[in-house]
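Got a structure for you, written out below as C-alpha cells; questions coming shortly.
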Amino acid sequence: METFTGKVWCLGDDIDTDIILPTEYLVFKTIDEMKPYAFSPLRPELAGRIQPGDIIVAGNNFGCGSSREQAPEVVKALGVKCVIAKSFARIFFRNAINNGLLLIENSELPDAVSEGDEISVNVNEAIDYKGKKYPIVSLPDNLLEIIDAGGLVKAMRRRNGLEN
Amino acid sequence: MGMTIAEKIIALAAGKPETHAGDIETVTLDRLMSNDGTTHLTIDMYNKLKDPHIADIDKLVWIVDHNVPADSVKTAASQKKMRDFAKEHGIKFYEGEGVCHQIMMEKHVRPGELIFGADSHTCAYGALGAFGTGVGCTDYLYAMVTGTSWVMVPETLRFNLHGKLRDGVYARDLILTIIGRIGANGANYKAMEFGGDGLHSIDMAGRISICNLCVEAGAKTGLMELDEIAFDYLKEHGDRQPKAVFAPDADAVYEKVYDIDLAEIEPIVAKPHFVDNVVPADEAKGVKIDEAFLGSCNNGRIEDLRVGAAIVKGKHVHGDVRFMVVPASRDVYKQAMDEGLIDTFIEAGAIVMNPNCSVCWGACQGVIGEGEVLISTGTRNFKGRAGHRDSYVYLASAATVAASAIAGEIVTAQD
Amino acid sequence: MGQTIIEKIFSHSAGRSVKPGDIVTVKANHVMLDDIMMPFIVSKFREMGFTKVFDPECPVIICDHLVPASQVDDTRAYHISCDFAKEQGITNLHRSDGICHQLMTEAGYVKPGQVVFGTDSHTTTYGCVGAFSTGIGYTEMASILGTGELWVRVPATIRININGKLPDNVMSKDVILKIIGDLTAAGATYKSLEFAGDTIDNMSVASRMTISNMGIEAGAKCALMAPDAKTAEYCGIELDEYQQSLFGDADAEYEQVLNYRAEDFVPSVAVPSNVDHVLPISELGDIAVDEVFLGSCTNGRLEDLHAAAEVMKGKHKADFVKFIVTPASRKIYLEALRDGTLDILSDAGAIITHPGCGLCCGRTGGIMTDGEVVVATNNRNFLGRMGTSKVKIYLASPKSAAASALAGKIVSA
Amino acid sequence: MGKIFRFYKDVDTDQIIASQYLLFPSVEEMKEHTFESLDPEFAAKAEPGDYVVADENFGCGSSREQAPAVLKALGVKAVIAKSFARIFYRNAINIGLPVIVCRELYDAVETGDEMELDLKEGIITTGGREYSCTKLPAQMQKILDQGGLIASLNK
C-alpha cells in the first residue's frame, strides 16, 4: 500500500461547502480558475499557501452543505494529498471518492496534531504522527472499486469500452 | 431679446432678468438627485473635504436603483456607504422603489426648477418643464456643498411637433428618429425644446421618454412646453405646485428649428452599437434574439406595460427568449398588478423583476452573454452595454420589443 | 420484521427486502439537474463516453440559480442547459419558472415512493411526498444519465414523532430548526429522517416541504414523511397500494426515536454561522437587522407569503431595512398576485423579484457586506453565503422574518 | 514623450468603463477594466504619460465620472479628440484630466506613435509636426489651473 508524508493544515468542525468554495465561483469554467478561492470565507490566504502533497486535517462533518462537486475537485486541484477528518458529510464523501480524492476518517488525530506538523499516511493501514500510530478503517468494497478504477469517470469510460 | 425655456430657467436660477446662449451663469440648484452609480465616490470625496457640509439637505434626493437587489459584495459595500450616509444626515432616500428618474417625476420635480442629477438621463425632467441635466460626482459634490454651480447657457434646438402619431407608432419611435436625424452629438451642449400642437397628442409617458433620450443626441437637457396633460400629472402625483411655468418667447433665438409631422414617423429600431444607428423597424426584421427587455426610465411606465401586455396576452414567450419585464417604479408595478398586466406577463412566461434599472444598465439583472442579442426599450445600445463585450443590443418601442419576444426574432407589432 | 419508509422504498426499487447497511443499485425515476451544475454534468457525460441519455423522460433540467443572469458568464450555463435538452430530446426543461425543488413536486414530476436524485443538496425536499430523494455530485449525475441507475447504501432511520398543536407564531421552520439544533449538523449523517405524528399529519404539504428540505442540514440522506390524502391531492393522484404502504411500521427498527410535543416549540433562529446553532428568539436580545429575505426552496411558498402578509398587512417595513421577497415559483408568484398577497407585501415596502434561488444561492438578490445582519427564511447561514464573511445570517420562519422587517430588529410575530 | 492610444468616433462611457465595475468601492479597483470592451489589454499597456486620441464625440453617454477618473488613475496625461461629449468634458476638467480639442491630430497618427503635449501653449508635437489645439473656455481653464473643482472647496 502507498505511503506518503505531508505537511498538515488544520481546520475545525463543520467546514461547509460554502467555505470550501463559495457559490459565486461555481460558474467559473474550470476548476483551475476556482482554485484561488478555496476556503476563502474562512482563510483567504490558505489556497495560496497549500503546496502539492499537503494534508488537510479537520474536525467533524467536513464538507457539509451543498452537493457542489467543485468542492472536492478544488481541494484535489490544490494538490491536497488527502483530507483527514473526524467525520465527513455524506455527499462530499461520495463526490470526493468519485474524483479520486482520498478521505480518511480518524477521531483522535485531529485533536492531537498542530498546523505545520508533518504526518505519514500508510493508506488503509495507519497514520503515523510523532511515532504514534492512528489506525485507518478501510473503505467498503464498492468504493474501493471506484477508487481502483481511478474515479467514476474512468469507471464509466471503461464500461463504455473507451478504456481498459 | 426673447428667451427660450432653457434661458428662462437658468435666468431664474441665476437671479437675473435675462440670460442668453453662451453666457456662463452661477446658479442656485433647486434639487440634487444622486443614485448608487456614483454616490459612493461622492461620499469619499466629501469625507476628504477640509470643511464638509451640505448647503441644503432638503434639496438632496438619493436613490438606490442601479443594482437592486445587490449582486455582489462590492455593490453592497458601495450601497451601504450611501445608505449609512443618508441615514446619518437625514437625506431623502429611496431604495428598491424604482428607477431614479421615474421616482423624481412621480414625487419631486416641479416645473421651472433647475436640477442636477448624477445621471445622464436627468434630462427627462423637461417633460415637466424643469431643466434637468446630468453631472459627474465632482460637480454634484460642489453643488451639494455650496448649493450652487456654474452652467453655460446652451443654444436651443426647437422641435415643433405637428399632427398625431399613427397607431402602433410611439413617442420612442419619434425621439429615435430625431436622434438618427441629428446624430449622437447633434445636440451636444445644446437644449432640445419641444412644442407645437402635436405635443398635446402625446401622453406624459411619451413626453418623459422623449426628454429622457435627448442626452443620446448629446443634449444638455430636453424641455417641453406645459399644457393640461402636464398639470394633471402634477395634480395626480402629490399635487405639486410649479416653481415657474415657462413658455418660450415669440422672438426667442434658436440655433435651428425643426418642424416634424408626427404622422410621418414610423416604427424605428436603433441597431448596435449606436443610438443614432436607426433604421425603419422593417429593416431589422428577422434578427434572432436571446433576450427582450421591457422597462427602464425610458419605457418602463404603465402606458408601456399596457402596450406590451396587450401584445403578449394569451400568447407565450418564444422558447429561446428570456423576456424581462421591469416596471419603472413601485407605483407602476402596483398599477400594473391592479390592471392585470403583471398577471398577463407572468402567464406568458416573462421574467418580471422588481422596479430598478435592470437590463438597461447592464449589470445585476438579465445580463447578456457572449454573442447574445437583446432587443430593448432601454436607453442605450452601446457595445457591451447589456453585458458581454461581444453582444448586441437593438433599441425599439415597447410594442416591437413585446412582439419580438413572442416571435423569437425582431418583428413589429403589425406582423 | 417491520420496515421504515426508506427500507420499503429501497426494497421496492431493488426487488428484494433490504436492511440498513445493504448496498443496492436503484433505478432513478427522475433526476433533477440545475443550471449551475449543467456545464459540469454535460462535460463529464461526454468524458465518460456517453452519447445518449438512457431515457429523455427521466431528467428534469431547471434553470433557477442563474436566471436572470447577474454576471456576464451566467448565460453560458443557460445555453448549455437548453442545448443539451434539445440535443437529447429532453422536454422537461424549465427556463425561468422557479426553484428546482419547488418545481419537482409542484409541476408533478415526483410522486410518492419514487427514487430521485438531484445535483443539489436540498433534493431531500421531495421526502415531503414520501419519495426518496437526495443530492449527488455532477459526476454521479453524468453516470446516471448514461446508465439510469446508481448505487446507494440503505441508511438507518431516525424516527421523529411530533404530536400536538403548534403555537400560532410557530411555523414548521421553527420545528425543523429546533430539531437540527438537537440533532446537530452531522447528527443524521448517512441516516434517513422519518417524520410522523399528528402535528405532521395536520401540516400542509408546503409546511412539510420545509422540514424535508432542511433534513440535509443535519446531514441526512433523506427526510421522509408518509404520503396521505393531502399528499395525494397535492400530487394530483390516488395513492396506489405501494404508496399507501409507505409508513414506518410499528415494529420497524429505528436507530433512534425522538419525541416532541408541538406545544413546546417556540419561534427560533439559527444564529451565525451554523444551522445547528439554534436559539429561541426570546433569548437573542436586541439585534438590529439590515436586510430581510423571504424566499427560497425552504420558505418561498404561498403559505409563507401569506404568513408574512398577515403579519405585515397595513404596516411598513422599518426605514433603511431592505426587505426582499423572492417567491419559489412562477405559479406561486401568480397565486400570490391574484389573491392580493403581493399587493400587501409591496405596500409594506417589499422588493419583489422574479422566482428563483435569489439571495439563498449567494450570486445576487441582495448580497451584503461587512457588518450587515440579515434575517432569512432559507436553509443555510454559512459563512460568506450571502456576501462577505462578516455578514451575519440568522435563519428564521416567514412570520419571524416579517415581524423583524417591521421592527428593524430580530423579533417573533 | 508619451505613447498614443487611438480610438474611433463616439467612444461612449460604457466602453471607457463598463457598468458592472462602477459600484466597485474605489477607482483604483475599477481602473484595470478601462476600455475593456475595445482593448482588454489597455490597462496593462498604458503607462503614465500616455495619451488617448479619438475622433468625434469622445465620452458620449452616461454621466459616470468614473470614465475620466479611471483614465486619470492610469496616468493618462490627456485625451485629445476632435470633439467631446458634454458631461465627459466637464467631468474631466473637474477632476483635472486635460481634455484637448484638436481637429487635425486624429487623422495624422496611429496607435503606438509618440507625441508630446505643451498644455500651456496648446501645442502637440508628433512625427516632426506641430498641431495647435483649441483653448479651453476661461471658466474651465480656471478650474484646471486651481487643480480641479474640489480644490476650490478646500481653499
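For clarity, chains are labelled A, B, C and D in written order, and residue numbers in each chain start from 1.
Keep in mind that, in the parts below, contacts are C-beta pairs under 8 Å (C-beta built on N, C-alpha and C of every residue); 3 or more make two chains touch, one makes a residue touch a chain.
Because the structure is a prediction, the values reported are computed rather than measured.
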Euclidean distance of C-alpha centroids - chain B vs chain C, Å: 41
Centroid spacing, where centroids are CA-atom means, of chain A and chain D in whole angstrom: 51
Chain B and chain D, separation of their C-alpha mean positions in angstrom: 27
Residues of chain A engaged with two or more neighbouring chains: 24
Residues of chain D touching at least two other chains: 20
Contacts with two or more other chains, residues of chain B listed in rising order: 72, 75, 77, 363-364, 367
Contact graph of the chains (line, ring, star, complete, other): line
Pairs of chains found to touch, sorted by chain label: A-C, B-C, B-D
Touch list for chain B against partner chain D, complex: 24, 36-38, 40-41, 44-45, 49-51, 66-67, 72, 74-75, 77-79, 117-120, 122, 134-139, 141-142, 145-146, 150, 152, 184-185, 188-189, 215, 218, 220, 274, 361-364, 367, 380, 382-385, 389
Chain B residues touching chain C - in the complex, by the definition given at the top: 68-73, 75-77, 80, 83, 86-87, 93, 95-96, 290, 319-320, 322, 324, 330, 333-334, 337, 342-343, 346-347, 349, 351-354, 363-370, 372, 387-388
Chain C residues touching chain B - in the complex, by the definition given at the top: 67-76, 78-79, 82, 95-96, 290, 319-320, 322, 324, 330, 333-334, 337-338, 342-343, 346-347, 349, 351-354, 358-359, 363-372, 387-388
Residues of chain A defined as touching chain C within the complex: 14, 16-19, 22-24, 26-29, 40-42, 60-61, 64-70, 72, 87-91, 94-95, 98-99, 140, 142, 151-153, 156-157, 159-162
Chain A partner contacts - residues on chain C that touch it in the complex: 23, 36-37, 39-40, 44, 47-50, 65-66, 71, 73-74, 76-77, 118-121, 123, 134-140, 142-143, 146-147, 151, 153, 185-186, 189-190, 219, 221, 274, 276, 361-363, 380, 382-385, 389
